[in-house]
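Letters A, B, C, D and E name the chains as they come in the text, with residue numbers starting at 1 for each one.
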């Protein structure tokens, strides 16, 4: 090794050592938390992360949630307990491998307090293990797979969700169809996503339990544009109700093309929260008049204000229907941080990770954009014990679309809620 | 002033030095032939002249104008045409369409029509087959088509690359007859040929190319008598 | 000088237009605005700035290249001019935003933000440095001019300084860009302190940046790398040999301890890279050696994963309760069988017909896995859940670090088999078939056998990768097996250099590793990936590590013959 | 005799034959069962066929771009589906403005022509730029290299447009003049939108055919596709001709984007080109890639086949949720056809050019 | 000396086009013979029928006691027919040695798995094959060029390499398709002598397609003349040169009279 080379190495080493030596002094605070504490120095921000689907065909889901998270942070002027809030994000995609990789990224950053995400249940299924063992909390705006919060199934400590599971929504939709619409036959269509598949299965099960008959359980693929073939198959039996809990644009195609198919004249169309966005009637066209959507019953002044903020910040309206959950989820985490953080005199925060989980798990009667939320454990009997399911199910409703919605009125009136 | 003047061109294929300083001239009205072994650089010379290749050094002057490195398709507009080696007819186009492509550089509709007749009178076989797809022609007919197609550009200088290659002996004569005929009508010809005997018998002058360099240059008659040429290219001992 | 400028004005205009297009593109797709939030150094230099100046700096470089012969001073002036002119597009952009967005009524038909989502007041703010319409645009103009001069300086500084400071700049930007990963590595090595000092909120501390800049500059300026390599060359043969052995041992050690140096996330990235190396090696046999363009390679990956899932899962779909190690050979075997089965119908197809048919197979398999029809066997849309992780002497390999070793082993196995086969009769058969199928057959080669061997050996590695993937993930869904995997695998072997084994590794690091490290760029990640593919192929069409040919006739005296070559006439 | 037979016996041929027979049997059984069940009315079949034709004409227009480029450069322009998206995505904003201002209702024909003009120009320019940036520097590179840049171009275009126009879904407005209008043909009702699209697409295709066959530029394109070097010797500017080819292909794709918006207005977003792109490529291969009438027929064939196939064949085999399998079915048909005819429906036999 | 290759009634149609029309030849063992005829007469198609590239529409081909019509190319090669191509078709990105090694394929027996474990048999066979390849390389006069990538070789060397590759399969019958195309008279003469050596030293039967009449007449023992797919004449060089049909359809008067002298000159 030449002398000069050595000199440079030596200089590097010295600089490194000095820098290490000058590191922050050990805090006086003593952490007693079971899974450790997170310390935020006075000049450091509180670090939130999101894991959403930002790229690919489902990017609109991620954009929807991400915007809501940013608005939630803006609502606090970007500050919590005197610290800035930073939001960093990972693209988890709508896939298991994306979820897992994003989770390892998040888990390897010890400054992160909590995670908002994921959009897709498959991503969450693969991420939950890593997130949980890293001591983080994670709250989802649109994971609806029931297994995620059921003890003994996929659930792991630290996982929460704001949205209702398929078990609620599918059942509500089936009851509405059977009881209110008086339907006795029904057909379903899913799009191959675990979400829609699950939801239509729950719906069909409940519908049969009520005494109805499922004439056809069909499916399309994400990316399909021509729904005439599947609609023709549906039309062959002429069911009373067609339930298709899928997303845009496939849902748009089904609605728009249904009028071309002979035999569907007497079939009522019913979609789910995947279509509950204000762009839907405009996209789907006049056929959307008279159809029903099941979904979160999000109304009220707070929500109107939220939409106004969205319009100001991003222009237009959110691209999908889960933003309100993302907004609530962000607030739940931040509120929990506020509740459990120990503040030193110099402004240093100490956040016990287990304490944060406990705080979130004990949350009840929380007044969110999406109604009253309750994250405590619940017993679902046969299904199992559920943890971290914040949605009460009370915030679900069935909406009827009319000409007014087509003309730009949003949201549509809820004509049925399960309590009634 | 010579019609075509090539001055010390060096052409490379990648790193391969194919032409190492070739110089030659063609006077108006002549038939000049370029003979040499395979790989000597004959085709490379023609390709460099027409702009399919660009020389790294040296210059090419055509009628006093520097045409070094000019894109091949622009040279045609200066009435220089080439019949490529292996004929290169457009196999899926009809005979007529092939000829039309030959006249691509021209816009004078009447002139083109009259040149069709000229080509057909030179090669009557083509007239019979003008609606036929060129790929179904026999080798000799394809050579006629390729030559006729080049004539459609109304060239003042015609470059011919191995017109006798792969032809039956019986056809070689008629191809060379046509070359002489074209020349008589006023087209200058630079002929690259493997068959040195035939080439020298129609050409006024000849150049001998060896491994990328001109080694000999003389009148055809003199070249025929040259001992080296006789041994190497005419196959006489 | 004026004269030189006049002479070159056309070039200046042309390059300025080019730079302007690049600049407006980056702004219009929203990259500049989005990345303005992401600081590289301190709070003043953001990634948005780095993107913004790409245009003018590039213009400067082009100018310096095109005007090589001119005197230095006029080149700088030309660079300034061209850079400044390239800002015109952005000035126009600013005016458009001012009129059609900021001052327009959001409900008006011509309210441009309805169409162009990145035409935002924030972008305007950023581009005008917050100084308003007039002053802001003037500043922008001057700033771009300076950046043009900066670009010129890349080529015009004295050589030593030039190299030094370009290297330093690259290093500083790279560390700023990969701050999270660098910080993570520092954390693993030195604890949390150092990283916190160098980075704050992903951005590099200015002092640290200056130190890094200085160090790299010193390295380059004093030519330490060259000195070292000169010394190496001067060493006696024997010492070099020893040195080589030492380096190889160090490399193996490095690979072995790597996951523990880089932490959880980068280990996961390494795991994915390793998986793709394995697949790439398999696909390299099919495409690189045998010349069969296979766009449906993901199918075998899926078979491996599903076999692993079905054989080991404890869920309802489980068919047996094998453990990972027992299921692994079955996964490979199933891969091989399907390689044969799918290879069969396409034996007679060539080139692009083969490509579309294999692409079709990939899709068919995915759709079937998704279908209600086969859901009783493969779980349909719900996938297969709860696939146990492998155990190694009782230890569950549930971390990416542990699985990393598994894929490294798999990749080494794949490389070993590939090398051995390449240098054998079968390898020559494949290559002959790739060069000319008909002539290869006329050499007595049985094409059917040879093709099927390529398909099935390639499939075996893909299935192996799939099986490991399933075990790492714990859950598999049909959506994971989309065409992107085939495309990635194909792209990485071509970018690396078709037929080259080190090329597969390099390709995987660039095309799989880099995007993983750049995850935070989310919506622009695939955009950059796409551009990267184009640029890399244009710069290096033969790949980064083109396949090398062995010397066989003159085995010991390498390079003694001068390159024999002659015209390709004829 | 036996020995001679055994020498010539090929397992591949045997299995191919077996596969062919099996496929035919399965298809016949499927059709027999489906039709035997009389589940669908003849009106429903006709609906499907016409929807398939309209869809197929869009495939065909995109496929022409693939085939033109393939013919001239022997490369798969993988980004072509995204070129289609670019036109459709850009024109949707104009379409909505036209609808909002009422012009679309008042002057539907002019409006649609305007839309086609805009979409075709955008796609055309984009395709030319892609050629200039991503393909031209690679003339003469190994064949797989342009495929990779094409894939790169595909990503670049998709995410550029996502950056420009956002990730939301847009929809074309419904043209009032065609809304809910049906043509009654032999007692069957067919939506006018589909008829318009089909007729317009066929018109475009026929004019393209004449352009290629009759005009000087068209002939030059054919000449270049056969031999670039000789074409240059004829005075044909090869780069320019290739550029024109890309321009024509791009314009057709852009027009297809608007046609798509007429008969199926929803789902306009940055990823919309991917699947039609692959389907159109499939159609081009079905027809014999490089062959222009082949691309047209291949497109229409694929459109109709995937529209009626699942219900007609798969359902009769007792498979549940058949529509989910439509793409798998389309690809299976492709594989079967290529097994029967390895060169596609109209392709030339490659095998005859062996030695 | 027996007949090594016999074709009976061989016909090949492409659609309506008859490329080869009931063509019959008998090639004597250990002979050198030629098929000549105008361009497009069907000579190469005929070769393709023999080597299995095409399946003859009708007719039989008997090689060394086997009926080979309709067999796949690789089987025919394994029976002992090898060929070169009109336009050189080397494996252009492989080295010269590798080209020859591929040519040896019919004689290599190791199983692919042996290559992975590198057992003794594999190593020995590879070494032997390599030595044989080097020997063949020097036989065709290309020593020292073995590690060159084929397409970097000079034209003449490529021709010779193609022959070496064809020889590597140890054929009984070698088909040469225009071997002297693009060669000057000197080179052609060298090649003629080389072909004779092949026959004399390796005892290979040789069948040529050739345009260079000096070569054909100087070297062939028997010639078949083909025109429009049909055989219009057969016989010794002398008989062919005098055959009026051949002169009319193919040779032309001038060429025929000149050739006689030339041919004699070569033999001298």
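In this text, a residue touches a chain if its C-beta (ideal position, glycine included) is under 8 Å from a C-beta of that chain, and two chains touch if they have at least 3 such contacts.
Which chain is which protein? Per UniProt: A = Branched-chain amino acid ABC transporter substrate-binding protein; B, E = ABC transporter ATP-binding protein; C = Leucine/isoleucine/valine transporter permease subunit.
Since we're looking at a predicted model, the values are computed, not measured.
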Over the chains that touch one another, what is the least number of steps taking chain A to chain E? 2
Two candidates, B-E and D-E; the one with more touching C-beta pairs is B-E
Need the most distant chain from chain E, centre defined as the mean of C-alpha atoms. A
If you average the C-alpha positions per chain, which one ends up nearest the average over all of them? C
At what distance in angstrom does the C-alpha mean of chain C lie from that of chain A? 31
Averaging only over C-alpha atoms, locate the centres of chain C and chain E and give their separation in whole Å. 49
Taking each chain's centre as the mean of its CA atoms, chain A sits from chain D at a distance in Å of 37
Taking each residue of chain E in turn, which ones touch at least two of the other chains? 53, 72, 85, 154-155, 182
Note: chain C residues in touch with at least two other chains are 114, 117, 367, 370-372, 438, 523, 526, 563, 565-570
Of all the residues in chain A, which ones touch at least 2 other chains? 55-56, 59, 192, 217, 219, 221, 316
Contact footprint of chain D on chain B as seen in their complex: 50-52, 71-77, 81-82, 84, 88, 90-93, 97, 100-102, 104-105, 149, 153
Spell out the part of chain C that touches chain D in their complex, as residue ranges. 25, 28-31, 109-110, 114-118, 287, 293, 344-350, 352-353, 355-357, 359-361, 363-364, 367-368, 370-373, 438, 448, 487, 490-491, 494-495, 498, 523-524, 526-527, 529-534, 537-538, 541-542
What does chain E use to touch chain C in their complex? 51-53, 72-74, 77-78, 82-83, 85, 89, 91-98, 101-103, 105-106, 108, 110, 112, 115-116, 118, 122, 126, 130, 133-134, 137, 144-149, 151-155, 165, 169, 182
Applying the document's contact rule, which stretches of chain D touch chain E when the two form their complex? 4, 7-8, 10, 352, 354-355
Taking the touch rule as given, give the residues of chain D at its contact with chain C in the complex, in rising order. 11-12, 15-16, 19, 70, 76, 93, 97, 100-101, 133-134, 137-138, 141-142, 144-149, 151-160, 162-167, 278, 281-282, 285, 289, 319-321, 324-325, 327-328, 331-332, 334-335, 338-339, 342-344, 350, 354-355
